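Quick heads-up: structures coming right below.
Below, chain A partners chain B and then partners chain C, in two separate complexes.
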Partner chain A sequence: MELCGVIGIGQTKHDTARTDVSIAGLVREAALRALEDAGLTWSDIEAVVLGKAPDMFEGMMMPELYLADALGAVGKPLLRVHTAGSVGGSTAVVAAHHVQSGRFKRVLTVAYEKQSESNAMWALAPKIPFQQPIVAGAGGYFAPHIREYIRRSGAPSDIGIKVALKDRLNALKNPFAHLRMEGITLEQVAASPVLWDPIRFLECCPSSDGACAMVLASEDVATRNEPAWVLGTAVRSEPLGMAGRDEINPRAGRDCAEAVYAQAGIKDPRNDIDCVEMYVPFSWYEPMWLENLGFTEIGTGWRLTEDGVTALDGDLPVNMSGGVLSSNPIGASGMLRFAEAALQVRGRAGEHQVDGARIGLGHAYGGGSQFFAMWVVSGEKP
Partner chain B sequence: MAEETEALSALHVLEYNYTRSVGPVIGRFLTGLRDGELLGIKSSSGKVIFPPVEYDPETAETLIEFAPVGPAGVVTTWAWVSQPRAKHPLQKPFAFALIKPDGADTAILHAVDAGSEEAMKTGMRVRPRWRKERVGFITDIECFEPEP
Partner chain C sequence: MSDPVTGIITPVRLEYTYTPGVAASRFLKRIASKEIVGQKCPRCAKVYVPPRGSCPKCGVPTEEEVTVADSGTVTTFCIVNIPFAGSVPVPYVSAHILLDGSDIPLVGLLQEVAAEDVRMGMRVKAVWVPDEELAPTLLSIKYFTPTGEPDVPIEKIMEYRDA
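And now, the complex of A and B:
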């Protein structure tokens, strides 16, 4: 397998409604920044891999066809990836495979969502005859899973509030973040209304317009650009309604982590990984995924949050960028996690840089905690 | 043979409202329609693309130089609709046609009200019939009609 390095990273300013640009203009903004970071032009790119959440969100069928001009993809291989909310991550994985296969030397990968033009909430909640309804949107679906996590782990009730405050403070250091709440306090988060017990308003992700793009390159090209080297990639999924399925600690997530650690030579994730950017759309998913990803024993993830281990200056910083809680252009959200991990190990994360970050984990999940994508990146060539 | 069973059946209407931000290029094109003018855009190779596009299909460059075209132009191909449906642009027999406005290098799909199929010809000249109340949408052109 060929080596693959991330040599260009770009994202848009994420916002409630980017009415200044079309969908093409949105993806273009991220793609141009990634190209500029890589020091490349459109003609250098050999293939494009695009990801976004289901077409029904914006009601635009096969948007990759319309976006070919904006992404310089005319006459080149252009592949669309579909894996619900994890799609930004699995899109980056597919792009990495394009390079690792030896077939392409420079691949552009882009993911986006323009939630202001879409109806994600209701597109997730159609009441289809003879099927069990999902209830209203993602929060209604995930709240019972969180309640079950609290029941099993005995976690104190304020862990979610602490996660939310941490991520919102981190977002103040990220100029691209959608929600930047100056002066936010624990009391404000705690006082925000409960939307779906136990999830409070300020423990939820926003609806964002935004895009993320990366340029991935083969060893000979990447070596010149201080890349983030891709040490491992993995994607796993499981059915939504399988009997005996554990939605709180899904097997697909555990298997995905095991696979990506094995590729990257990670024996002890807690010690070997310097920072984690994971998909936390509702605050409580931080402790839940810390356990699912093997950073701590089952039932103890909340202790890492409580002890400040996951803070920006903690022993295992989590969601340095402010995370999904601060910016959620759904289709791009997974890629933003992967891109942040790469930014960190390149030492280019600006104010939210983790000192000395060498190894980073990017994590994305989607559907009903059933689609997982992960990569491990390093600033040092393997 | 399996026993015949009753098939479950229910009406399911799935409907959402979507919005679109059209961006600086399509936005200006639509504003032009409201003002009664047709705008194309110059490509990297100097061709005038109509309706305008944001990015060059050949070089991927951002396109910024608008070029007024037409509004009259030439039918490059057409198909006669003898029995219009409820959602068709005209409720009498008409032609769907590709129309290349003067000064443009590409054509747009629109309706031509020519009265009869015999009056339609590839190469014929047509001009837009503008609506009186215009809102900045493609339907601001009611249809095209033969030039007198």
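And now, the complex of A and C:
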């Protein structure tokens, strides 16, 4: 397998409504930044891999066809990836495979969502024939699982509030973040309305417009560009309605982590990984995924949050960028996690840089905690 | 010169004929006579309600039909405080209910109980629409309501998960 390095990273300013650009303009903004970072032009790119959340969100079927011009993909291989909310991550994995296969030397990968032109709540609450409409959007789906995590782990009820505050404070250091809540306090988060008990309003991700892009390159090209080397990639999934399935600690997530760690030579994730950018759309998912990813014993993820281990200056910083809780252009959200891990190990994360970050984990999940994508990147050539 | 067009809103509508398939059709027809049926996997013995005709874990067809109770246990739940188009009035409790005899919870509406009184492990039963309104749809179950039986211990509830 060929080596693959991330040599260009670009993202848009994420916002509630980017009325200044079309969807094509949005993806192009991120792609141009990634190309500029890589020191390449459109003609250098050999293939394009695009990801976004389900077509029903913006109501645009097969948007990759419409976006081919904007992404300089006309006449080039163009592939669309679909894996619900994890799609930004699995899109980057597919792009990495394009390079690792030896077939392409320079691949552009892009993911986006323009939620202001979509209605995710509607798209996620379809009227299913012969059933009562009672599951209200993603929050309505995940709240019962969070309640079960809290019961099982015995976590104090304020852990979700602490995660929400940490991520929003990290976002203040990220110029691209959507939510910038200067002066936000624990009290403010705690006092926000409970939408889907036990989830409070300020423990939820926003609805954002945004895109992310990366240029991935083969060893000979990448070596000149201080890349983030891809040490491992993995994707796993499991059926939504499977009897006996543990939605709180899904097997697919555990298997995905095991696979990506094995490829990257990671024996002890807690010590071997310097920073983690994970998909946390509702704050309680930080402790839940810390356990699922093997950073701590089952039932103890919340202690890492409570002890400040996951803070930007902690022992295992999590969601340095402000995470999904601060910017959620759904299709791009997974790729933003992967890109942040790469930014960190390249030492280019600016104000939210973790000192000496060498190995980073990017994580994405989607559907009903059933689709997982991960990569491990390093600033040092393997 | 007029302002440039920066966006358009075009409402979309999709009309379709829903075909539930053999297993779900049998389930829906039996619902009309207040009977809840599932299917048991010949390999792992898990009972799926509603039945899907196959087991997603074993990848084999499920043919054995099993009748399950219209009562069960709340495994977890959430209290919905924000309304959405077509929802029941808030706050309402959306609960995962493991029907007696089934191995997978279904999501149901809990009523006739204050949201703050709902507990994991609470015993509940289906409240059906009047007989003359029974039809092949889950809407034949108006909602679930507590039976008043003692709660099921959490450890017992957990047994349905493979973990």
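The criterion applied here is as follows: the second predicted complex is superposed on the first by the 377 of 382 C-alpha atoms of A that agree within 3 Å, B and C clash if a C-alpha of one lies under 4 Å from a C-alpha of the other, contacts with A are read in each partner's own complex, and residues count from 1 in each chain.
We take it that a contact is a pair of C-beta atoms (placed from the backbone, for glycine too) under 8 Å apart; a residue touches a chain by one contact, two chains touch by 3 or more.
Quantities reported herein were computed from a predicted structural model and do not represent experimental measurements.
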First, second, both or neither for A:Gly72, with chain B first and chain C second: first
Which superposed partner A:Asp246 touches (first chain B, second chain C, both, neither): second
First, second, both or neither for A:Gly102, with chain B first and chain C second: neither
Which of chain B and chain C A:Gly137 touches, first, second, both or neither: second
Superposed model, chain A: greater residue contact from chain B or chain C: C
Which of chain B and chain C A:Pro382 touches, first, second, both or neither: neither
Touching partner for A:Arg147 - first (chain B), second (chain C), both, neither: second
Which of chain B and chain C A:Thr19 touches, first, second, both or neither: both
Partner chain in contact with A:Leu195 - chain B first, chain C second, else both or neither: second
First, second, both or neither for A:Pro129, with chain B first and chain C second: both
Chain B and chain C footprints on chain A, overlapping residues: 19-20, 59, 117, 122, 129-130
In the complex with chain B, residue positions of chain A that touch it: 17-25, 28, 42, 56, 58-59, 69-72, 74, 114, 116-119, 122-123, 126, 128-130
Chain A contact footprint on chain C (complex, rising order): 6-7, 10, 12, 18, 20, 28, 41, 44, 46-48, 52, 55-57, 75-82, 84-88, 91-92, 94-96, 103-104, 107-109, 115, 120, 136-139, 154, 160-163
In the complex, chain B residues that touch chain A: 8, 10-12, 14, 16-26, 53-62
List of chain A residues in touch with chain C within their complex: 19-20, 59, 117, 121-122, 125, 127, 129-137, 140, 143-145, 147-148, 151, 193-199, 239, 241-246, 249
